[in-house]
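Same chain, two partners: chain A is paired with chain B first, then with chain C.
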Partner chain A sequence: MSAPVVGTDVPRVDGLEKVTGAAKYTADLKFPRLLHVAVVRSPHPHARVLDVRTDRAARMPGVRAVASGRDFPLHTGIYLKDQTVFATDRVRFVGDPVAAVAAETPELAAEAAAQVHVEYEPLPPIFDVEEGFAEGAPLVHPDLGSYEVVPWIRPKAGTNVCNHLKIRKGDYASALKGSWKVFENVFRVPQVQHVPMEPHVSVARVDLAGKVEVHSSAQSPFTVRHLLAHCFGLPHGDVRVHVPYVGGGFGGKAGINLEPIAVALAMRCRGRWVRLMVDRHEEFFATVVRQGLTATLVTGVDRHGKVQAQKMHYLWNCGGYGGYGVNIVRSAGYTCGGAYEFPNVEGDSIGVYTNRPVGSAYRGFGMQEIHWALEQQMDRVAVELGIDPAEFRLKNCLGAGKSTVTGQLLDEHAGRVDLCIRNVAKAIGFEPDRERTPYRGKGIACAVKAPAMPNDAASSVILKFAEDATLEILISGIDYGQGLMTVVAQFASEALDLPVEKIRVKGCPDTDLSPYDWQTVASRQTWATGNAVFRAASEIRGKLCATAAEALSVPAEELSLRGGAVVHEATGRALPFERLVMGYQFPDGHAIGGPVAAASSYLPEGLLFLDPETSQSAKPVAKWTFGAQAVSIAVDPETGQVTVEKVAACYDVGKVVNPALIKGQTYGGIVQGLGTGTMEELVLDPKTGRAVNASLMDYKIPSTEDVPAEMAVDFVETAQKDGPMGARGIGEHTMIPTPAAIANALWDACGIRISEMPITAEKVWRALKAKERAERGAKAAGEARVPAGTVA
Partner chain B sequence: MKKTITLDVNGVAETAEVEVGQTLLRFLRDGLDLTGTKEGCNEGECGSCMVLLDGRPVNSCLVLAVEADGRSVTTVEGLSREGVLHPLQKAFLSQAAVQCGFCTPGMVVSAAALLRENPEPTEDDVKKALAGNLCRCTGYKQIVDAVRDAAAAMRAGAVAGGEAGKPAEREEVPA
Partner chain C sequence: MPVDLDYLSPSAVDDAVALRASRPSAAFLLGGTDLLPQMRSGRRSPETLIDLKRIPELHEIRENEDGGLSVGAAVPLADVETHPVVLSRFPLLAECSKTVGAWPLRQRATLAGNVCNASPAADTAVALLALDAVVNVASTTGRLAMAISELFLGPGQTALMAGDLVTEIVLPGAAAGFRGSYQRLSRRKGMDLATVGVLVGKRDGAPASWRVALAAVAPTPLRVAAAEELLAAKGASAAREAAELAVAACRPITDLRGSAEYRREMVGVLVRRGVESLG
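Then we have the complex of A and B:
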């Protein structure tokens, strides 16, 4: 056995292509006589569509195809099929596609799109989630009851609720009555945008034989194929989806996005390639965004500082369509208690349609949002009880022998949030008796997340050899930065004792040729594809050894693999892979074996549905990844500006496969978390429903100048039983606790709480002013106790 | 309206007829198939389209192709030469400074401009020079580390007079 490869800083296998500019992304591909698309989008947040007239646009020079809702009335959506390619009878957000034009140039397409006449009858819009949830609210989807939906998502016909998951564990009402102290708080999270550096783009052609071919910046080639086939009534074999390199996704390119519009137009100009590329402006509101959240938490504690009763009411602002978002609602339901053991729980996670942009997957899949609430709530309770916040978390956190909100009993392989809490507390200097400096503070927050996916979500791989014994690995997981291709090469290298240099991972899938993969989401690829790689490698090993055994006339079980050769230790004889992978030829000329290849797959084992009434389940998810972050901040009392000086992060990842890559994931998550935590919010004009900050000038994401001066990153390795070499997912988890940790540090620094994300300088300044006023008032009244300034 | 332009792109003289309203970004990508230069926002905010124009970093989405007439342009494709990487490209690989890779060409180009002006940048110098290049994946730390690493390698190379320190950018490019 050669030196281990897993656990070392193997450089990215796709790095050379990316640093030289050789890597091709969808918009870099060249197509002959490419047509360009302009989409006609609703200017109204909510309206009836009375008429769409496209005849004038269709007659314009250079226009090759026009399509609208009446041409393509079929529904699509990954879990809840609530969306058509184009709005048919109703538009549900500003930007909802109504029609589209394909023309010879982008300018001609835009001119023609402007000539499409749409007659609307405006309806009262709903932007606020509580308004949408209220009884008698105008319905965004009056036909909700007739939509096709997977059995584990529960829309409520006649309301705006597109999913509702209930958690009932123990006896919440009695436990609350018996509590020593009770705390209730409301927290809010606005919609934010993913802002991948590469905007969404899809290219499609329908050839003269009717076969559909798509190139798309997507996280899920097979799900795109599946949903296109469903939406257009085609056999899957007649739809081919390619995904080249992807310039960031963060969930925004999961499921299906622009593809149906491009295909609809391509159907009307067969033989021509049609490209739909949204610009940065449209990217902000016309592609999917993160859902908003209003969370109401009630916590009842006993005299020992142990939470006995916990109520969580999550109202999700899903926007105009909930095809994907309904599963975030579900995931937030069965994870509603975060990293804590709550014996008596009343949890409700409710998705509500509104007339805002469409909510969908976003790195963390609802977890950053609920942790914003939970982790601030835990902090408030700790402070009120006079218990150190780290200690309070340790007292209540999950671990071996504890049970989650669904009643799942965790075992010793589940991951150690306690070690993560201790680790970051130490790294940030979170001692209870630490020295205090005005306007400087420290805060801590935990994180947990499971892969939110159907119970049968699978990944598969194909391993085959080239003539020179280079191992080629076909995967359909997308490496959009997280390092999947490299990790796959490391696993195969480890399993076959073959140098990484002799491995090529084919990471840009083509659904005609590549093995099936459900989606690249849920931080599931290292784990699921990784497991499939080990299974396939085992088969490869068997084939190589069988041929070598015959060639060397030794028993196969005495053979081992070393450095690209099959070796018989006892005699020192060896056959390099080169002499085996295409078949072995004996000196007399006869050959055995044959081209060596293997295909294998991985499907999570033993997952059980949630009880429909209580959501209790012994194994609702495949695995949990726990972690914690702690931050130290400085607040400028004059401006309210918060500077995050240091972030410490620690996660129990089971196994660090590639230290350099996992650090990169963590730094990236921290800074993205800092963005949503302190800077980002997609703002709509309350009258028109239009996004007012839909540009990188007005919607700031972190730049080099916003990065904390220090990021200390560490990992715990409690092996995941069903993980490849013990590894579990980490990609999304890295951004979950950052905003809450900053919010908690803000209290520590200056005694204010911001309960609505993001923590902007303005909100901090206002809270400081409110606190000053309150203090002055208290002083005047001669009171000793100072109420905390709190800003919604 | 069209105009004929002649310019040096990565050391190659190119002559082309372009629409006067066409951006340098469009010309490089569509006209010359130099797709390493990316379009991220088309409004000069993200830095994905950064190229060197006469050695200075510019967002090529904000420059017209006709403005590059008679001048020299270096794109990411011009930083490596016949497979030999620029020290920055090597450092981006060794420091794991690449994730999705979409911002990488612009980052490397901006950093090349910095190191030309300032061979020994501090962490703050690097952050300032790259503040116009947005990245959503990396959290920037490994990028900043890579630039400083490359600077050190180039200084060491310059002292040793070896190949390692020699940037692959064209020396004949007027500053």
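Then we have the complex of A and C:
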């Protein structure tokens, strides 16, 4: 056995391609006689569509195809099929596609799109989630009851509720009555956008034989194919999806997005390639966004500082469609208690349609949002009880022998949030007796997430050899920066004792040729594809050894793999892979074996549905990844500006596969968390429903200058039982606790709480002023106790 | 952006002015960092672009006999903020310039362009106001000089007539020697427009001279003469009073970057801090 490869800083296998520009992204691809698409979008947040007239646009010079709702009536949506390619009878957000035009130039397409006449009858819009949830609210989807839906998502016909997951554990009501102290708080998170470097783009062609071919900037080629086939009533075999390199997705390119519009137009101009590329402006409101959240938490504690009763009411602002978002609602439901053990729980996670942009997957899949609420709530309770926030978390956190909100009993392999808490507390200097400086503070927050996916979500791989014994690995997971291709090469290298240089990972899948993969989401690729790689490698090893055993006339069991050769230790005889991978030829000329290849897959085993009434389940998810972050901040008391000086992060990832990559992943997550936590919010005009900050001028994400001066990143390695070499997911978790940790540090620094994300300087300034006023008032009233300044 | 766009690149100022006069729908192009995005978004749609970058005269930075500096219209901000004379005699202009966009953008963006775009949040305009800059303009009727204080009329609006070409911006030698700070609040640290920008400058002497100028808190960049006079009379110990005068002078609006109330209060905080740091 050569030196270990897993656990070392193997350089990115796609690095050279990416830094030289050799790597091609969808928009780089050249197509002969390409047609360009302009989409006719609703200017109204909510309206009936009375008429769509496309005849004038269709007659314009250079226009090759026009399509609108009546031509494509089938519904699509990954979990809840609530959306058609184009709005048919009703539009549900500003930007909802009503029709589209394909023309010879982008300008001609835009001119023609402007000539599509749509007659609307405006309806009262709903932007606020509580308004949408209220009884008697106008319905965004009056036909909700007739939509096709997977059995584990529960829309409520006749309301705006597209999914409701209930957790009922223990006896919440009695536990609350018996509590020593009770705390209730409301927290809010606005919609935010993913802002990937590469906006969405899809190119489609329907050939003269009717076969559909798509190139798309997407996270999930097979799910795109599956949903396209459904939406257009085609056999899967007649739909082919290619995904070149992808310039960031963060969930926004999960499921299906622009592809149906491009395909619809391509069907009307067979043989021509049709490209739909949204610009940065449209990217903000016309693709997808993260859902908004209003969370109401009630916590009842006993005299020992142990939480006895916990109520969590999550209202999700899903926007106009919930096809994907309904599963975020579910995920937030079965994870509603975060990293804590709550014996008596009443949890409700409710998705509500509104007339805002469409909510969908976003790195963390609901977890940053609920942790914003939960981790601040835990902090408030700790502070009110006079218990150190880190100690309070340790007292209540999950671990071996503890049970989650779904009643799942964790074992010793589940991961150690306690170690993560201690680690970051130490790294940031969170000792209870630490020296205090005014307007400087430290905060801590935990994180947990499981992959939120159907129980049968699978990944598969194909391993095959080239003539020179280069191992080629076909995967359909997308490496859009997280390092999947490199990790796959490391696993194969480790399993076959083959140098990484002899491995080529084919990371740009083509559904006609590549093995099936459900989606690149849920922090599941290292784990699921990794497991498939080990299984396939085991098969490869068997084939190589069988041929070598015959060639060397030794028992196969006595053979091992070393440095790209099959070795018989006892005799010292060896056969390099080159002599085996295409079959072995004996001196007399006869040959055995044959081209060596293997295909294998991984599907999580033993997952059980949640009980429909209580959501209790012994194994609702494949795994949990726990972690914690702590921050130290400085607040300018006069301007409200917050500087995050240091962030410490620690996660129990089971096994660090590539230290450089996982550190990069974590730094990126922290910075993205800093963005949503302190600056991001998609703002709609309350009258028109239009996004008013749909540009990079008005919607800011962190720049390099905003990156914290210091980020201390560490990992715990409690091996995941069903993980490849013990590894579990980490991609999303890195951004979950950052905003809550900053919010908690604000309390520590200056005694204010911000319950509505993001923590802008102006909000901090207002809270400080409110606190000052309250203190003056209290002084005047001669009261000893000073209430905290708290603003929304 | 229109498909049919005439692109002209004259090599002399007079030719540029004449071309502009002959074409009713034309725009002068320098770095294009404001104009091109405006065209792309449809906010402006000129039919002709007259690129001024081939005019040698506009690329000059010239030291004047009075110790001042003339900056040609086509000189990029990156060259302005690193120019030895700017750094030694007009450091406040370098301070302000450094906050515009990012270094790569400032390789294209120009001082003249930043001024002509007339954004209330234009960072360099604050310095130019404080330094009594003069804007030299060429037009069909001849050349004239305009005090920068007369230039700004409102957001995106200047006293320039259609067809006027700013050839250079002159920093008078009499304004040399002011030191101080340009404090700027923004939603993020790198590459953002100012929510509030406050320049406070001081030149030692008997008595010392002061400069107070504000960005993003009024329809135009603003100079607060009353605060300057007060400080000249009373010195840095009058920081609070000067701040109050600045607060009284500003007329902020509420927008995505901040509320009027916050901006007004921040003017007070930043002016006070700026003065105190020079005390």
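Everything that follows uses one rule, which is that the second predicted complex is superposed on the first by the 792 of 792 C-alpha atoms of A that agree within 3 Å, B and C clash if a C-alpha of one lies under 4 Å from a C-alpha of the other, contacts with A are read in each partner's own complex, and residues count from 1 in each chain.
Here, a residue touches a chain if its C-beta (ideal position, glycine included) is under 8 Å from a C-beta of that chain, and two chains touch if they have at least 3 such contacts.
Being a predicted model, the structure only gives us computed values, none of them experimental.
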May I ask you to name which of chain B and chain C touches more residues of chain A?
-> B
Go through the superposed model and pick first if A:697 touches only chain B, second if only chain C, both, or neither.
-> both
Is A:683 contacted by the first partner chain B, the second partner chain C, both or neither?
-> second
Once the structures are superposed on A, label A:11 by its partner contacts, choosing first (chain B), second (chain C), both or neither.
-> first
Is A:641 touching the first partner chain B, the second partner chain C, both, or neither of them?
-> second
Tell me which partner A:20 touches in the superposition: chain B (first), chain C (second), both or neither.
-> first
Taking the superposition as given, does A:577 touch the first partner, chain B, the second, chain C, both, or neither?
-> neither
Using the superposition on chain A described above, determine whether A:250 touches chain B (first), chain C (second), both, or neither.
-> first
Looking at the overlay, what does A:705 touch: chain B (first), chain C (second), both, or neither?
-> both
Between chain B (first) and chain C (second), which does A:197 come into contact with in this model arrangement: first, second, both, or neither?
-> first
Overlap of chain B and chain C contacts on chain A, residues 697, 701-705
Name, in rising order, each residue of chain A that touches chain B in their complex.
-> 9, 11-12, 14-25, 27-28, 30, 194-199, 245-248, 250, 279-280, 480-483, 660-661, 663-664, 666-672, 695-697, 701-705, 707, 711
Would you pull the chain C residues touching chain A in the complex into a rising list?
-> 3, 41, 185, 187-193, 256, 258-259, 262, 265-266, 269-270
In the complex of these two chains, what residues of chain B are touching chain A?
-> 29, 33-43, 45-46, 48, 75-77, 79-80, 85, 89, 92-105, 108, 126-128, 130-144
Which bits of chain A are touching chain C when the two form their complex?
-> 105, 107, 281, 638-639, 641, 679, 683, 692-693, 697-698, 700-706, 760-762, 765-766
